[in-house]
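I have placed the structure first, in the form of structure tokens, so that the comments after it can refer back to it.
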Amino acid sequence: MKLVLAEPRLLKESVGIISELVNEVTFKLDKDKIEITAMDPANVAMVMFKMLSSAFVEYDIKGAQDLSVNLDNLNQVLKRAKPSDTIILETVDNKLKITLKGERTSTFSLSLIDVEESEQKIPDLKFDVKVEMPSVVLSDAVDDMEIVSESVALIAESNKITVQSEGRFNAAKVEVPATEGIIIKMKDSRVLSKYSIEYLKKIVKGSKIAETVDLNFGREYPLRADYKIMDRLMLSFILAPRVDND
Amino acid sequence: MKLVLAEPRLLKESVGIISELVNEVTFKLDKDKIEITAMDPANVAMVMFKMLSSAFVEYDIKGAQDLSVNLDNLNQVLKRAKPSDTIILETVDNKLKITLKGERTSTFSLSLIDVEESEQKIPDLKFDVKVEMPSVVLSDAVDDMEIVSESVALIAESNKITVQSEGRFNAAKVEVPATEGIIIKMKDSRVLSKYSIEYLKKIVKGSKIAETVDLNFGREYPLRADYKIMDRLMLSFILAPRVDND
Amino acid sequence: MKLVLAEPRLLKESVGIISELVNEVTFKLDKDKIEITAMDPANVAMVMFKMLSSAFVEYDIKGAQDLSVNLDNLNQVLKRAKPSDTIILETVDNKLKITLKGERTSTFSLSLIDVEESEQKIPDLKFDVKVEMPSVVLSDAVDDMEIVSESVALIAESNKITVQSEGRFNAAKVEVPATEGIIIKMKDSRVLSKYSIEYLKKIVKGSKIAETVDLNFGREYPLRADYKIMDRLMLSFILAPRVDND
């Protein structure tokens, strides 16, 4: 197989974000796309990554193929790519060969690893709320919660989204009104669900990939966040709710 | 009470500097100003902060009031303010409510705390020397002392200020002649006093607030450093001298 | 003796680089140059530094003289120099006096130390290969090896230089063809030698000093790297080869 990418940024950023959640992953390659579906070791978050063949300058894959790699190593290699470099991915002798081609040509080869994983199934979820908003508004809001640093509640109402966190001593709240660029679709009048701030902070880094995020969630129900670039890439997360006993 | 600040920078920088010296403080509010007078836990430095009502866009305080807060928490909140944000401070239900209003609106609420403190009296000091100088000249000079990193001597003479430090092996000295922008007022011909470099380094960060610093000190006597912005703000420190036994 | 340097950058960068390899050094001064020849504590790398009298604005040295100093301390002092400062070096009372003169004048004095060292002889080496290349191409290539992070092989062939590293799981390789700006002189068809990446990474920082590096090496033989600025300065390293037992 041989994949050529003219712009390293998207793959580089995606791998950086995913590597904060999972360490060993399997890329599934077929003639249309490369794909990761992985669960974090604590079973709290699932990450789904898809890069379409149209994102590549050259895309040559014969039949379906699985490539399991250590994501930290891949991340280290991609970090060496300069913005103007071309990235070439190939498999040679049971290794993943990565070539960064620019002023100089650097070649890296990473051992393919065995990942014992039960096939990850993306759960079939039915959400109460669908929100579309600028991705940086969400990441700023989640970062605001850090002063409280416990679970974070997402609250959807027909005219606004609220991100809030309440600790024993301190509290933080960001209200995002449904104005230009923010679309809220829901049947109920108010839906609240809580999530781990630690995971949310990793997920909202998707704002480096796409300008818009699609959020789906429900009452004490998983959250799904999708970062998409049309015809090229999707980075999605499913995060389990945090159910407080208070 | 309700206070509205159009420019977050001054409050943000001041709280950042003060929080390196003290952790729990009491803001004293009256109809003219908000004010902190606090002693560091080691009883070596006192910090005095005053922000005048004229620094605020809206200033509505009914009668004198004390607000004690954890300064680290307040610092964390203010760090989230963007340069163009408006800051609103209110008391609601025994909490300090802080609103950062910009492209988004973030609201934080911090528990008011009980601070058992004997009323801090600002000591009545009579100084031998009064110096006015660019605040960055002082902070550069103190930073130069770090290579020796023991006590620092301030020496005033009629025509120059000297900052110097002598260790067993190394020594450092900065001489600032009394030229343009530097005014030295003193009766004696030479006044020397030593202070802790660790504290001095925190104090000279006042250069982020004001372009000029007023220094007052005496022989083996406390140092007072004042950073002022006319009609708006004053950040002052009193630092105990370090008396060497050599 | 009195030395005056109008541009602090070269001395500052050189001392910073050397101080990562050795801590206590002896500057040998004579009427033409100041010079360091030092071995790192592990006896793996030798560093040679030479600054010619023509690099100084004022150069006044009476007879040969040795000055031994703690390089960390000297580094700390030079770091305080601003780009527009003039640096004055003098010996006063068995101390090295360093004056940084700019908007303010800072004076530092460092104890001269006793260094018990057998005179360092620069070994007389005969190399199989001589390469001249842009210094940043070499430092980028060495930094690329970090993902493997074991010994690094330098391979010279008549038409290219290869930098490569192979670990148990991963490998990295950079090929630099002998095109514009890269000159390779050798008799054999292929010369390979391995070196410690840890040391190489410190050595290639010479790219901050000079745009070109001269590399000399041989089969399982030391590497010599020279960074030169005509008529002013030379920073050179000799690095022992790493002989693997595999």
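The chains carry the letters A, B and C, assigned in the order they are written, with residues numbered from 1 in each.
In the analysis below, contacts are C-beta pairs under 8 Å (C-beta built on N, C-alpha and C of every residue); 3 or more make two chains touch, one makes a residue touch a chain.
Everything quoted here is computed from the prediction, not taken from an experiment.
S.K.: Specify, for the interface formed by the sequence copies subunit A and subunit C, whether it is same or different in terms of residue numbers shared by both sides, with half as the dividing line.
M.R.: Answer different: the two copies use largely distinct residue numbers here.
S.K.: What is the size of the turn, to the nearest 5°, that moves the C-alpha atoms of subunit A onto the matching ones in subunit B?
M.R.: Resulting rotation angle: about 120 degrees.
S.K.: CA centre of subunit A versus CA centre of subunit C: separation in Å?
M.R.: For subunit A versus subunit C, the centre distance works out to 44 Å.
S.K.: Spell out, as numbers or ranges, the residues of subunit C touching 2 or more other chains.
M.R.: none
S.K.: Hey, which residues of subunit C end up touching subunit A in the complex?
M.R.: Residues 137, 140-141, 143-144, 146-147, 169-176.
S.K.: What part of subunit B is in contact with subunit A in the complex they form?
M.R.: These residues of subunit B touch subunit A: 70, 73, 76-77, 80, 95, 103-111.
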